Amino acid sequence: MAAITSVGETPIVGPAQRPRGMQAGRRRRLNAFRYVVFTVFGAFFLLPLLAMLRFSLEGAKLGTWSLSAWRQIASYQGSGIPPLLSSIEITLELAVITCAVMLVLLVPTMVWVQLRVRWLARTIEILCLLPLTIPSIVLVVGLGEIYVRIQRFSLSALMLFWVYVILALPYAYRALAAGLSGIDVKTLSEAARSLGASWFTVIVRVIAPNMRQGILNAVLLTWSLVLGEFTIAYLLLYTNLQVELYSISRNTPNAGVLFSTSFAALLFAFVLLMILSYVGRARRGRG
Amino acid sequence: MAVAATTKTGARPSWAGRRPPAPAWVGTVPFLAYVAVFLLWPTGIVVVDALKNPNGAWAFSNISELGNPLVRGYFVGSFKLCLLSSAAGAVFGAILAYAVASGDPDGLIRRLYIAVSGVLAQFGGVTLAFAFLVTIGPVGLLFHASWYFDFPWGIGLIYTYFQIPLMVLVFLPAIDGLKVQWREASENLGSSSWQYWRYVGGPLLAPAFLGAALLLFANALSAFATIQAWENQIAYIVPQQISTAMSSEVGLSSVNVASLLALGLVIMVAVVMTIYALLQRRAARWLR
Amino acid sequence: MTSSPVTRTPDRATRGAVEVRLEGLSRHYGPVVALDRLDLTLEPGQLVALLGPSGCGKTTTLRLLAGLEDADAGRVVVGGRDITRVPANKRDMGMVFQAYSLFPHMTVRQNVAFGLRLRRVGAAERDQRAMKMLELVGLAEQASRYPHQLSGGQQQRVALARALAIEPQVLLLDEPLSALDAKVRAQLRDEIRRIQLEVGITTLFVTHDQEEALAIADRVGVMREGHLEQLAPPTEVYSRPATSFVAEFVGLSNRLAGEVRAGSVVVRGCTLPLVDSATPDGPVVALVRPEAVTMASHDAPDSGPLVGTVIAVTFLGATSRVTVDLGDATVLAQLSTADASALPASSRVALTIRPDPVLVSASSDPAISEAGEEA
């Protein structure tokens, strides 16, 4: 399931106006409200995660502790399904390939459009945001025919990257657009070109380094999208991480390894987004 | 790229003896081709398939199949679940967003909640169902909720887990957009807190709130993995029925059913997203 | 730029205007002291301008008066009533903010009528009073428009109408002109003063622009680091500054070495009267206004303490500022452009200093350099 974030908003929300002094009474009431809200919601969000963690550390007998679920990540093999580790590997490789293809496809195109083909900018934007309106569950119905053709060349699950790039478009586009808007693409490229640079050099060595933040955003968002993708892989009969977990759960609903892997994936995504948040702040601080 | 041969900046060159350069839009062809093949073509297939008979003839009357009680049941199911989860998500998400917005703009709590919202909004799917299963499911660590497998309540609760963070992400900028001067001016003119929200804050946030709620609705419409992992024996909503139709072996007719359902779903989503976009424009004008 | 009348006849009808007294107000944000036992009185119907560099506490004073923040110590007394503990929405004051305060989802008329609506005034009467206010500020035709359709100056006029519509006891203006273009600023400034005089309401006007303060205030309060340095009519603040900070902040000053002898100061051969004739004898730095310096061309080759060379002439329109190098000091003089044109750069000139009362400070007074930088 791909989450839809709003049209025209970047997923990372920046800092707000600084509140000025307030009346003491109102401040007190506000602080009490915040305290309550954060506690209640904090509990709501933490409890399932903690339960998952606890379950992942469950030993052979109820109430005991054990790391076996975590060790099993490397070795688990359910009957009739590929080993867990291979699914993890495939998914990670898929993430890398998707990110690479997404960057190669989007960055030059967006730069080119901004420089030379302004009138297509709106069209490109609409196309990139279209996947928000055409959800995976709909897309996958029509993908069957196309993947039949692809499967004549390769049966690997890595072929999923073709459609994953599409899924990533809305998020990547917005992240890259935000990055591009912060630099003067025209001037930079004209300067580089006048010094004799080829277009390849302009994009790779002049523009891209200046939109590091946007690129990083796009990569991290794409990454977490690929890690969490289930619908298309499942309905196209491939096995990626999420499908594997699903299959395991159909056979052994309480397998500890389900929870350890899920928790690990979640933690990983969280770390990625925290990195994003801090890198963004450092940039703003300098600027 | 062929585009490397196109014009440099400067005076118009003479092209004696050489081909004139390709027009600039050629550089966007790789992207356009890619999107055409992997986005537009499959969508086209869905639309066309939905409107054709098993034997390949056009049958626009297929649309009326969407009114079929059985099919309607899935749409109603989808609608119920989405309404429940987006209403709950919108209200609670707005409260949480307000709490986050009213704090230190650079503080730890704000960054934390935004980062967490970013992760959890994407969380969904299989892992989320697992997490809830061990919290309030049959062997739940917190307690066993007898309604855990009830539709739409059990799954609705699970949906709010990613709807609330999504609401925070989408609605927070709107709350940030409420200028402190409006509140102060309102107070200065004699309003109480309640009156401020009723006459100023509320009306200003209303379009953004509704828009965000609609976004949550569209988001829930498309969700599949979570409910599939929650309970895959009975199909309650359209995505699940699409999945069943796709994997059933009853020849081409099943593809048409899947396509028809998919078409119905995408129309619903498109309508919701359009209204959302319109509301966003209004909100942006005031809260920029 | 025409100057607007600042003087008021003392017995002008003030329609129930109130006195505002701030007594011993203190406020700090953590370790930073924003206000330190401030005492300030606004006479009924008076417009007092608080002037000072950013961080001096003028905005804090206004916000404390408005009730948008709480004082750590001190009292706020309006019309004889202690309102220190009264919440902002019950203080019956009208406030105009620097920017952005109009409600974007309401029309101009609805904005102006908002305060009346909160007071449960009937729709018809509300409308009537709102339109009357809009006529007062000259925007009756824009009543059905939305804020984003108006210019900055027009928006501020609507804000003023809105503040006055509730017929408050006190009018507060927090740098209302700072966000506007220079030309609009001057126009609107005079408008505000005209309206304030017509309505006769006690007003506190905060600004960092000394020209604004001097042009429209009955009294100017110069603030610095949470203290009131001087509270006096504009002419007095300008020509008889109480401290060197005021002298440096308000208008330009030349700093010239001199010596006090028996109640006057001798600066480069000229004897000038002192603002404070009780100053003890000794070496001082005298603060001389540029417009007190005149000059004439000096063809003779001899030199004296007031003979020098013109380094630069800065054209300011009707007047020009001439910078003269006296060898061991640099002096700024303000002359009419006609006079200045006769003395181009590198001509030799002889200066005379008009005997206006002059403020002096001990040569090592650090306040001088501070104010000089901030002005």
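Order of writing sets the chain letters: A, B and C. Residues in each chain are counted from 1.
Here is the rule we use: contacts are C-beta pairs under 8 Å (C-beta built on N, C-alpha and C of every residue); 3 or more make two chains touch, one makes a residue touch a chain.
Computed from a predicted structure; not experimentally measured.
Asks: Count the touching C-beta pairs: is A-C or A-B ahead?
Replies: A-B
Asks: Based on mean C-alpha positions, I'd like to know which chain lies farthest from subunit A.
Replies: Ranked by distance of C-alpha centres from subunit A, the top chain is C.
Asks: If you average the Cα atoms of subunit A and of subunit C to get two centres, how far apart are those centres in Å?
Replies: 55
Asks: Could you please state the distance in Å, as a whole number, between where the Cα atoms of subunit A are centred and where those of subunit B are centred?
Replies: Going by mean C-alpha positions, subunit A sits 15 Å from subunit B.
Asks: I need the residues of subunit A touching at least two other chains; which ones are they?
Replies: 20
Asks: At which residue positions does subunit C touch at least two other chains?
Replies: 67-68, 87-88
Asks: Which subunit B residues touch at least two other chains?
Replies: 179
Asks: Spell out the residues on subunit A that touch subunit C in their complex, using ranges where they run on.
Replies: Residues in contact with subunit C: 20-25.
Asks: Note which residues of subunit A are touching subunit B in the complex, please.
Replies: Residue positions touching the partner: 1-9, 11-13, 15-20, 26, 30, 33-34, 37-38, 41, 44-45, 47-49, 51-52, 54-55, 105-106, 108-109, 112-113, 116-117, 120, 124, 127, 130-146, 162-163, 165-166, 169, 190, 193-194, 198-200, 224-225, 228, 230-231, 234-235, 242, 245-246, 249-250, 253-254, 258-259, 262, 265-266, 269-270, 273-274, 276-277, 281.
Asks: In the complex formed with subunit A, which residues of subunit C make contact?
Replies: 27, 29, 60, 63, 67-70, 87-88
Asks: Enumerate the contact residues on subunit C facing subunit B in the complex.
Replies: 66-68, 87-95, 97, 99-105, 114-115, 117-119, 148, 159, 162-163, 166
Asks: Where on subunit B does subunit A make contact in their complex?
Replies: Subunit B residues touching subunit A: 1, 3-4, 6, 8-9, 24-25, 27-28, 30-32, 34-35, 37-39, 41-46, 49, 92, 95-96, 99, 101-103, 105-106, 109-111, 113-116, 118-128, 130-135, 139-142, 161-162, 164-166, 169-170, 172-173, 176, 179-180, 193, 211-212, 215, 218-219, 221-226, 228-229, 232, 238-239, 242-243, 246-247, 255, 258-259, 262-263, 265-266, 269-270, 273, 276-277, 280, 284.
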